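Both complexes shown next keep chain A, but they swap its partner, so chain B is in the first and chain C is in the second.
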Partner chain A sequence: MTTGPDPAAVPAPRSRLWKGALVLAMALTVGLLGIGLTREASRLPSALEGRPMPSFDLPLLDGEGRLVSAEAAGRPLILNFWASWCVTCRQEHPELVRLGLRARARGEFAIAGINYRDDAGNALRFLAREGSFPYASGVDPRGRLGIDFGVYGMPETFFVDAAGIVRGRHAGPVTPAVLAAMLPRIGVVP
Partner chain B sequence: MEMPPIRLGGVAVALALALCLFAAGQAVAAARGRSTARLVLARNAMLANALLVTLGMAVLVHAFATSDFGVAYVARNSNLGLPPLYRITAAWGAHEGSLLLWAWYLAVLAAAAIVIHWRDHPLSMPWIIATLATVEAGFLALIVFLSNPFATLAPVPADGRDLNPLLQDPGLAFHPPVLYLGYVGFAVPFAFAVAAMVRAHVGTEWVAAVRRWVLFSWAALTSGIIFGGYWAYYELGWGGYWAWDPVENASLMPWLTGSALMHSMMAQDRRHMFRLWNAFLVVATFLLTLLGTFLVRSGVLTSVHAFATDPARGGYILGFMALAMVAGFGLLIWRAEALDSEAVVESPLSREAGILANNVILVVAALIVVIGTLFPLAVEVVTGARISVGAPYFNRVMVPLMLAVMVLMALGPSLPWRTMPGRRLAALVRLPGLAGVFAAAVALVAGVRDGLTLAALAVVAFAAAATLADLGRAVAGRRHVAGGGWAGAALAALGQGRRRMGGLIVHLGVALIAAGMIGSGLFQEALTVHLRPGEAARIHDYTITLRGVDVTEGPNWEGRRARFSVSREGEVVAMMMPEQRFYAIRGMATTETAIRSEIAGDLYIFFGDESEETVVAQIYWNPLVGLVWLGWIVVLGGALLSFGERERGRRRRPAALPAARGAPAE
Partner chain C sequence: MIRPAFLALGLLGALLAVAPPRPGPAAAQTVAEAPGEARIRALARTLRCPVCQSESILESRSSTAREMMVMVREMVAEGRSDAAITEFFRARYGDFVLLAPPPTAAGRLVWALPLLFLAGGGGVLALALRRRAPAAVPSPGRPALDADRLRETEL
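Right after this comes the complex of A and B.
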């Protein structure tokens, strides 16, 4: 190997700092991706669990009227936060449509959507493309209700029992397995 | 011995892998023993490698062209009904073939780099070859052991399972191949940087040598991203081009650091500054291209682009990336003191200060994209939740950053090196500043109230005016010196200062692209209509009438086609026919939007549901989209002009080069 100027000068503290940061960033990235390769999807507890659901009164995404939390009182409620910009929301869409059709047919529980930090035009285009939900969606364009619920990513779904107490929260796409675990908590047969 | 042609491909690629390992070994031995014979051997091995991988690629394309379903990969991704063009492009339509395309690019570019720089960089050459050979070996090993596109099927199926319908589109013929060219091109600067770091070589020659490679890769990456945007625009039916999908982000990250690199290299070339920083940017850009590969192919993130996933492949690419990271950043840490620059930024009003600011913003933007892309994974690992970080986050953070970059883009080329008086800056800013204020005022009068949009319009007008003024000054200066007409002066200015003029033209193209993106977002008109045959809808100044719905079919699909007549002021100007297609073999439906492009904008019709005589259609008027494509062509033209600049190193070598502190000058 050819020799250049001696690189082994005394490193300045500033240089030690960025070198340390670089090594740390490398280790973190590789570690994260490595764990990511082997991980399994699972559920997320919520600070809201066991507490009353925050109340809301939102305009509807399509048409007149409002989505009011009090109207669900006395029945279990499934509340799904979604957005047109969320890729994962496309995955769970058919499952939600099935769930909505069941709610409409049997009326044993209520289900509603919250269109989160979205543009109404984009949201309607998303529904036109993926198929409309058989239930109403309220709009939360600035994410205010999302703050009340502690939402930090899309999609998230909250399961509220007939007494209005939040019994479960699921972050990520709703799947039959998720429903099998969550629905009994709010007194609904999966 | 008779060998079936497909076997030939497998053998060629396996042999190419062996040759790469051999070349890497010989190159390192050549560097240690200063052996020219070994270096020549390593070079020849890499040239042979290029031939062998080319043969492998040709065999695969041939298998697709002849629908050889005895090859498992062909059977999975092609079909007798597939139109001829897609029968070729299907070769890189899935994981195995696209990896082979990647390895083929790298083999050819590595051979080209070795031949081009063979004479000028004799002392760095062993390390350049060793790096390129190792990277190529890494990809070839993945192909040979984990993603073999040449694997055969025992009972040969009568027909194939068809190409993913979303990829049956002319856009696919260009998007991935051009994008990969950009990714792979950054391996050459990486090899030069590794060589410079291993040798603790402090000179500027490697930067001068890789300038064109960086420019080439950047132009290819830019084109690939724009083709991808266009593909999303008209095939995926989003009505938009950028969804901040992890895989789209994967191509944006190296683009951002590559853009930073192109500018900071200038400072090293002219003022011997940012040496360590440039090495960092080259390594980071290359690693980000590997990160992109990993994200697309490991299935670690949820994405509309995700390839079929396989944990072994993900693990392999991650290991490969970790190795490249440790080697690249390890070298950087090891050689940091040797590479540190002696020059410092003397004044905040100088080209180098502008470049520094540009670099900081672009790298911060890249970091934001990296973090935004990996954040859902981090959340999932820590808490087990699956989330998407969506467009709101990215738009909110990225738009202001990109506007700041555009301000620098407008001012930077006018700033001299070292320092300038503040008065001159004020004089430079006056005219473009007026243009910016004027644009914002017009928008305000037109009813735009959003602060960020107004700022964006002002900045784009400012940048365009400043760049045009710079170009005008260069032409006027040339005319002042040489006399003659404006046209002659313009040609002379373009020919003489290719690098500077090319840069300015690229900037102008970027301003045009930004104007197109803002304009199409701002003035877009969208309608969702329910129409019966004979009914009409109005958008912009068009009347769009549904004439009927037909059954239509293609070689491997059947579908429904809506016929719309488009009329303006009572006269029919066009028929537009969006389709819904169903590809029976894959059981997938796609939508083919109908687009009518004019200078003023695109009319875009998307055919949705159908029920009892009623058709649901979405109609968009997307104004100014043409500016994006025009800007792209301007960017390419500018990059090409800059590419034509003669290398500074060649002209002044060798006498003018300082023998940098005992290091042998090349």
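Right after this comes the complex of A and C.
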């Protein structure tokens, strides 16, 4: 009679503690896994943010002349890396055209394209099909400038302030939401 | 009837004998072993291809990695040090470009966590066994204890 209740009374709270710890550990593991899996590996912060924009001097995709980084000095600059082989670039195209038209009309910021690792013929065909950009694109056939900017994939867009400091990088298509977040960083009203 | 069979076998043997000579990396190395080549390879092995999943620029066949290899070669030819070349890519891609990033507090914690868990788990197990052992001898609750132990070892 005396031995009966004792073993039953002692293990009960302990096993509850064990179960609690087990459940907590499992929840922690699942939580960490969740964080790890939902964090997109490609969404890395740019090493360039807060640093001066790399300079460039590239031939134009279409026509004579060159795309020179120094020409944007004193004005915020939006630099869009694109390619004809990039599917998402087609998706962001109308938004970029709209942005380019605005830059042309108001001139409060500059915008330029970098045709990245592309064939000039394919790039021009892409523009003929999707509609030309209202701004110039320089060509970076070997991706050297892309490496200077720490580009991972296409498309990527860099937001540079009037002082020439990179304030933001966006990997993926430019959307109104992206512009609403990025433009204020370079002193432009979205 | 036997002859064609032999002929076929012979042909097969000949085909196997001249099986495509694989351009093994070892062979390529011995052929083009320029003075700086070993150094370039060693350096390239530490740089991560930014468009791949955990592959060095030496192993990757992506065009970005190839271009980075060209750049490494150029910089070596210019006489830049390994540290300077590493820093060149780090300034552009951040620590991500290093296959062995410099230790950070968070990184150290992540590496230490399994050891901490192991030590903690071992401590808890030892404690539990010491407390239960005397009670286990006379009590009829042995199977439960075994099951507990099993569960613990599984964990």
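In this section, the second predicted complex is superposed on the first by the 146 of 190 C-alpha atoms of A that agree within 3 Å, B and C clash if a C-alpha of one lies under 4 Å from a C-alpha of the other, contacts with A are read in each partner's own complex, and residues count from 1 in each chain.
As a convention for this text, a residue touches a chain if its C-beta (ideal position, glycine included) is under 8 Å from a C-beta of that chain, and two chains touch if they have at least 3 such contacts.
Treat the numbers as computed from the prediction; the structure is a model and nothing was measured.
Visitor: Look at A:R117 in the shared chain and tell me whether it touches chain B only, chain C only, both, or neither; answer first, second, both or neither.
Guide: After superposing on A, A:R117 lies in contact with both chain B and chain C.
Visitor: Just to be sure I read the superposition right, which of the two partners does A:G50 touch: chain B = first, chain C = second, or both, or neither?
Guide: In the superposition, A:G50 contacts neither chain B nor chain C.
Visitor: Regarding the shared-chain residue A:G107, is it in contact with chain B (first), chain C (second), both, or neither?
Guide: Once the two structures are laid over each other on A, A:G107 reaches no partner at all.
Visitor: Just to be sure I read the superposition right, which of the two partners does A:D148 touch: chain B = first, chain C = second, or both, or neither?
Guide: Second partner only, chain C.
Visitor: So in the superposed three-chain picture, is A:G63 touching just chain B, just chain C, both, or none of them (first/second/both/neither)?
Guide: Once the two structures are laid over each other on A, A:G63 reaches no partner at all.
Visitor: Hey, is it chain B or chain C that touches more of chain A?
Guide: Larger number of chain A residues touched: B.
Visitor: After overlaying the two complexes on chain A, where does the chain B footprint on chain A coincide with the chain C footprint?
Guide: Correct list for chain A: 3, 7, 22, 44, 117, 152-153.
Visitor: Touching chain A in the complex: which residues of chain B?
Guide: So the residues of chain B touching chain A come out as 31-32, 123, 198-202, 237, 239, 243-245, 291, 294, 298, 300-304, 311, 314-315, 318, 321-322, 325-326, 329, 332-338, 374, 376-381, 383-392, 526, 528, 608-609, 616, 618, 661-664.
Visitor: What does chain A use to touch chain C in their complex?
Guide: 3, 7, 22, 44-48, 51, 117, 142-144, 146-150, 152-153
Visitor: Contact residues on chain C for chain A in the complex?
Guide: 50-51, 63-64, 67-68, 71, 89-94, 96, 135, 139, 141, 155
Visitor: Could you please specify the touching residues of chain A with respect to chain B in the complex?
Guide: 1-9, 11, 15, 19, 22-23, 26, 29-30, 32-39, 41-44, 83, 85-91, 117, 121, 124-125, 128-129, 152-156, 171-173
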